[in-house]
Amino acid sequence: MKLDPKTPTGPVAAQWTKHKFDMKLINPANKRKYKILVVGSGLAGGSAAATLAELGYQVHCFCYQDSPRRAHSIAAQGGINAAKNYQNDGDSVYRLFYDTVKGGDFRARESNVYRLSEVSCNIIDQCVAQGIPFARDYSGYLANRSFGGALVSRTFYASGQTGQQLLLGAYSALSRQIGKGAVKMHTRSEMLDIVVIDGRARGIITRNLVTGKIESHVGDAVILATGGYSNVFYLSTNAIGCNVTAAYRAYKKGAGFANPCYTQIHPTCIPQAGDYQSKLTLMSESLRNDGRIWVPKNKGEKRAANDVPENERDYYLERKYPSYGNLAPRDISSRSAKEACDAGLGVGESGMGVYLDFRDAIKRLGQNVIKDRYGNLFEMYQRITNEDPYTVPMRIFPAPHYTMGGLWVDYNLMSTIPGLHVLGEANFSDHGANRLGASALMQGLADGYFVIPYTIAHYLAAHKLDGMTADHPEFKKAEAEVATRTKKLLSINGTRSVESFHKELGRIMWDNCGMARNKKGLTDSLKKIPALREEFWQNAKVLGENEEYNTTLERAGRVADFLEFAEVMCLDALEREESCGGHFREEYQTEEGEALRNDTDCCHVTVWEHKGENTKPQMHKEPLAFEEVKLVVRSYK
Amino acid sequence: MFAFLTSSIGKKYIMAVTGILLVLFTLGHMVGNLQIYLKPEAINKYAHTLQSLGGLLWLIRGGLLFLFVVHVITGITLYLGNQGARPIDYVKPATIKATLPSRTMIITGLSLFAFIVYHIMHFTLHLTDPSFSFLATPEGHMDVHRMLVTGFGNMLASAVYIAAMIALGMHLYHGATSWFQTLGINNVKYNCTIKIIGPVIAVIVFLFNTSIPVSVLTKFIK
Amino acid sequence: MNLTLHIWRQKNANDKGKMVTYKAHDISTHMSFLEMLDVLNQQLIEKNIDPVAFDHDCREGICGMCSLIINGKAHGPWSATTTCQLHMREYKDGDEIYIEPWRSKAFPVIKDLVVNRGAFDRIMQSGGFVSVNTGSAPDANATPIAKEKADLAMAAASCIGCGACVAQCKNASAMLFVAAKVSQFANLPQGQIEKKARVQNMVAAMDREGFGNCTNLLECEAACPMSVSANFIAQMNREFFAAGIK
């Protein structure tokens, strides 16, 4: 596997401009001859499909939900970053770039990050033009807030539903193209394989979730925008349907998987209440702007939160990180919470939680201001927990939330399979080892609206149209493979539910490959996972048949892929002998217990290449060079 | 314009506009009838004045009939459309906040249709009691006062009228407010006022109109 | 606690379907309604019975995928709450719960409690957008928008497209859904240019799909998990009239 990042030459600030000029173009009249398959309809997929159709390409778009409007991008609450500097507080493209590289703990590619920062401003312009009702000041101009550890106010937001509004914006643009016939939308369709012919991605195999029909789709290029794989942990803040299947199938067909162990654990989620729980609910990190995080100083504190006197509370983030305090980056905040709970100071029935207290903010600003800012979050919290956060401190606990790892892509967002492009959370490119708050929406839309429309033309222009059809033997072969696998799942005829396998896998991953890992835990997991997978194929219970709407079958296919993918994740975590970004290797810490990055051995992207069933994947490395931002140890003290 | 009127919202506009005019007629009719509480000559004179309008009277009658027919036909069309929009109903239906009158517009509406047919046969065409045609004032005009007293003296007829006024009250309770929403006359500031207009009109019309047969039956009017 | 559930079972679009009664055991009051159904499904799978199909995804009340008519009410008894956010503390041991799919000619049943809401997408495709191609936008702050207008647009835009308004409406009307989108754009300067065509096209698309007519019962806003106000319907009526007479 050759990893050529295709980074343009020259100073980072001029690269994208230069690259845009250097890339090939396609004559407007010829664009309609090319067919592009877009898998996923979230911020990245939806915006890409809409934009490519506007440009004149034939686009087919696929999603597993009943409508493209439901992709999980919709759940992002907090906001979207852009280097507009409307607040005149010293922001700039360069600063956003700098913050993102640093926030990612120096494990992202500088060139990609700079481009992301550069196009961030266009995103806001585009979204406003689409009629997205961003929050505004009384002046009528756009409002901003500071978010997730940033020292400038660069986050644009729409109530507490920014992800929803941005997604609906992309969805409306997509709807316009569907209405015009420029995009053919396939809902309730799941991509189950990718077809590579003569070394190029030429199509996908999908299963119609309603009829069970296995279908081939031919294209001149394929775009995966299928999101992240946090559901490998079973409990995460992702939607129930989020899965790794599309990305993993691509991996098995030759796409390199980069940094799979990079996952982000979000600090402000509602703690788990019981075993039956199907997902964790995230509350916007913006809560940390006004809430103060604490645990009791004494182990086994039995008093109600409000009865614990001030001097017996440990506002541990403010104590440990005085300049950032409660706004310390996600990984630090999450790990500190876990440490406190591991030390027996956790609160709530399970002891797995810390307080997020609004008492002082309410005293300072009044309940109305707090209600204005976080009203919907408070309501949501109360609905789930039956506790009133205006009077009783919230309880929060970290939960898997976002995966920085993903399919490896070059500067053009193309994977190691020519023609297969990967956007948004599904790729690995921009966030390094940790993503800043309000940057996921930015990346999804940057990739879809402003990057792929240029770079895909460059790829397409280099290849002649060849009239490929689904009759090609490779398509037939892939279809047969998908059908066989489905049949195999249905014929296991075991006794244990698919759900329970997923739960067990999630437990293994959370304990050993979550926020904190160590060699022993990872080595153990690498034994446990194959055993569990073995049991799955012997004993899973999958009811019904293929030719119907079969949710168990759907689930079983996804869990089967998680069971394979989890192993790659643990392998990657094991190989990464350092603590950096969102993850903490217990063997690598300073004397004070802070993360110890290992720039000598680990300043690279780890890329895994599939080498066949039951064979260890091969590891490749893309070295990372930091020419603009000096490699420094992150300090949020 | 045709596309507008045949659309779902256009049909609602038709219901609202014809509805408003019919409400105005209902109010006018009520005020006219209330003259029964004055001396008999008052209402008889009023009736005679109306009768003497000649061509204009027929124009008004024609107009009313038109409004009425359009209102009824559009209403039935909308109702049938709504029925078709949910071919399979819920096994266990429930209502969150829609009022009873708002949910029974078709029932009260059709009842009113039947009533109006009866009402015209009763007091306009005198088909139910041909003797009404021979009630005359000393001047030789129609003695409406006597006709009302005789008509409502019949227990059964009065009961029908009172029942119809319940239906009318319910119909107005929703209808006389609903048209604001349909025509888009809506302002968060005034919505509270708008909401009570229908109920207020409904209560007024019901009380005043019902008072007439009740007064006759209790011999308050002789 | 233990519950008696009466659930609509329908194998596929062509099946006639019927209500089937199940007992659900060991339900915790902390569970969400959908987690209760998960537990039921696990119990059904153990008995080799096809689990109940229902739509769900984000389970945090924003994707609009979950549905269900619970004892006659869309998304159940809690106001401003989706089914996934409804919690079982609402119920007590021994309760009977009727669970049915959204009922509308425009939302045909796919299986059990899953319906096809493609009609909403087609309405959106007819005009639920501002026709701006990527790249042609001016600076975001070029046009100031009064905060009240932006907030009003946001209130309309918060619609999650779940279809509860249709399901709850006695007439199976989609007015609130369409009005939310029409009003979002009608309250913003970006939406002015295509205002007339938008409302006309979207209403025509709505009528084509076979939804019922609005009779101002306001059940829609009462059922709406996002509390989208029926005032937006009045606004759409106004916009539609204005477009019609021009």
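Per-chain residue numbering starts at 1, and chain names A, B and C are given in the order in which the chains are listed.
Heads up, the rule we're going with is that contacts are C-beta pairs under 8 Å (C-beta built on N, C-alpha and C of every residue); 3 or more make two chains touch, one makes a residue touch a chain.
All values derive from a computational prediction rather than experimental measurement.
The touch graph of these protein chains is an open line. Ranked by how close its mean Cα position lies to the mean of all protein Cα atoms, the top chain is C.
With centres taken as mean Cα positions, subunit C sits 37 Å from subunit B.
The mean-CA centres of subunit A and subunit C are about 27 angstrom from one another, to the nearest whole unit. The mean-CA centres of subunit A and subunit B are about 63 angstrom from one another, to the nearest whole unit. The residues of subunit B lying in touch with subunit C in their complex are 1, 3-4, 7-13, 78, 81-82, 84-98, 102-103, 105, 174, 178, 180-186, 188, 191.
Subunit C makes touch with subunit A in their complex at residues 11-12, 28, 30-32, 34-35, 38-39, 42, 45-46, 48, 50-51, 53, 55-65, 78, 80-81, 85, 87, 89, 110-111, 114, 116-118, 120-121, 124-141, 143-147, 150-151, 153-154, 157-158, 160-161, 184-185, 188, 190-191. Subunit C meets subunit B in the complex at residues 6, 8, 19, 69, 71-73, 98, 100, 103-106, 168, 170-173, 200, 203-204, 206-207, 210-219, 222-223, 230-231, 233-241, 244-245.
Contact residues on subunit A toward subunit C in their complex (touch as defined above): 47, 50-51, 54, 65-70, 72, 74-75, 84, 86, 122, 124-142, 158-159, 161, 163-165, 168, 171-173, 175-176, 178-179, 185, 187, 210, 237, 239-241, 273-274, 276-279, 281-282, 379-380, 383-384, 386, 449-450, 453, 497, 499, 541, 543-544, 548-549, 551-552.
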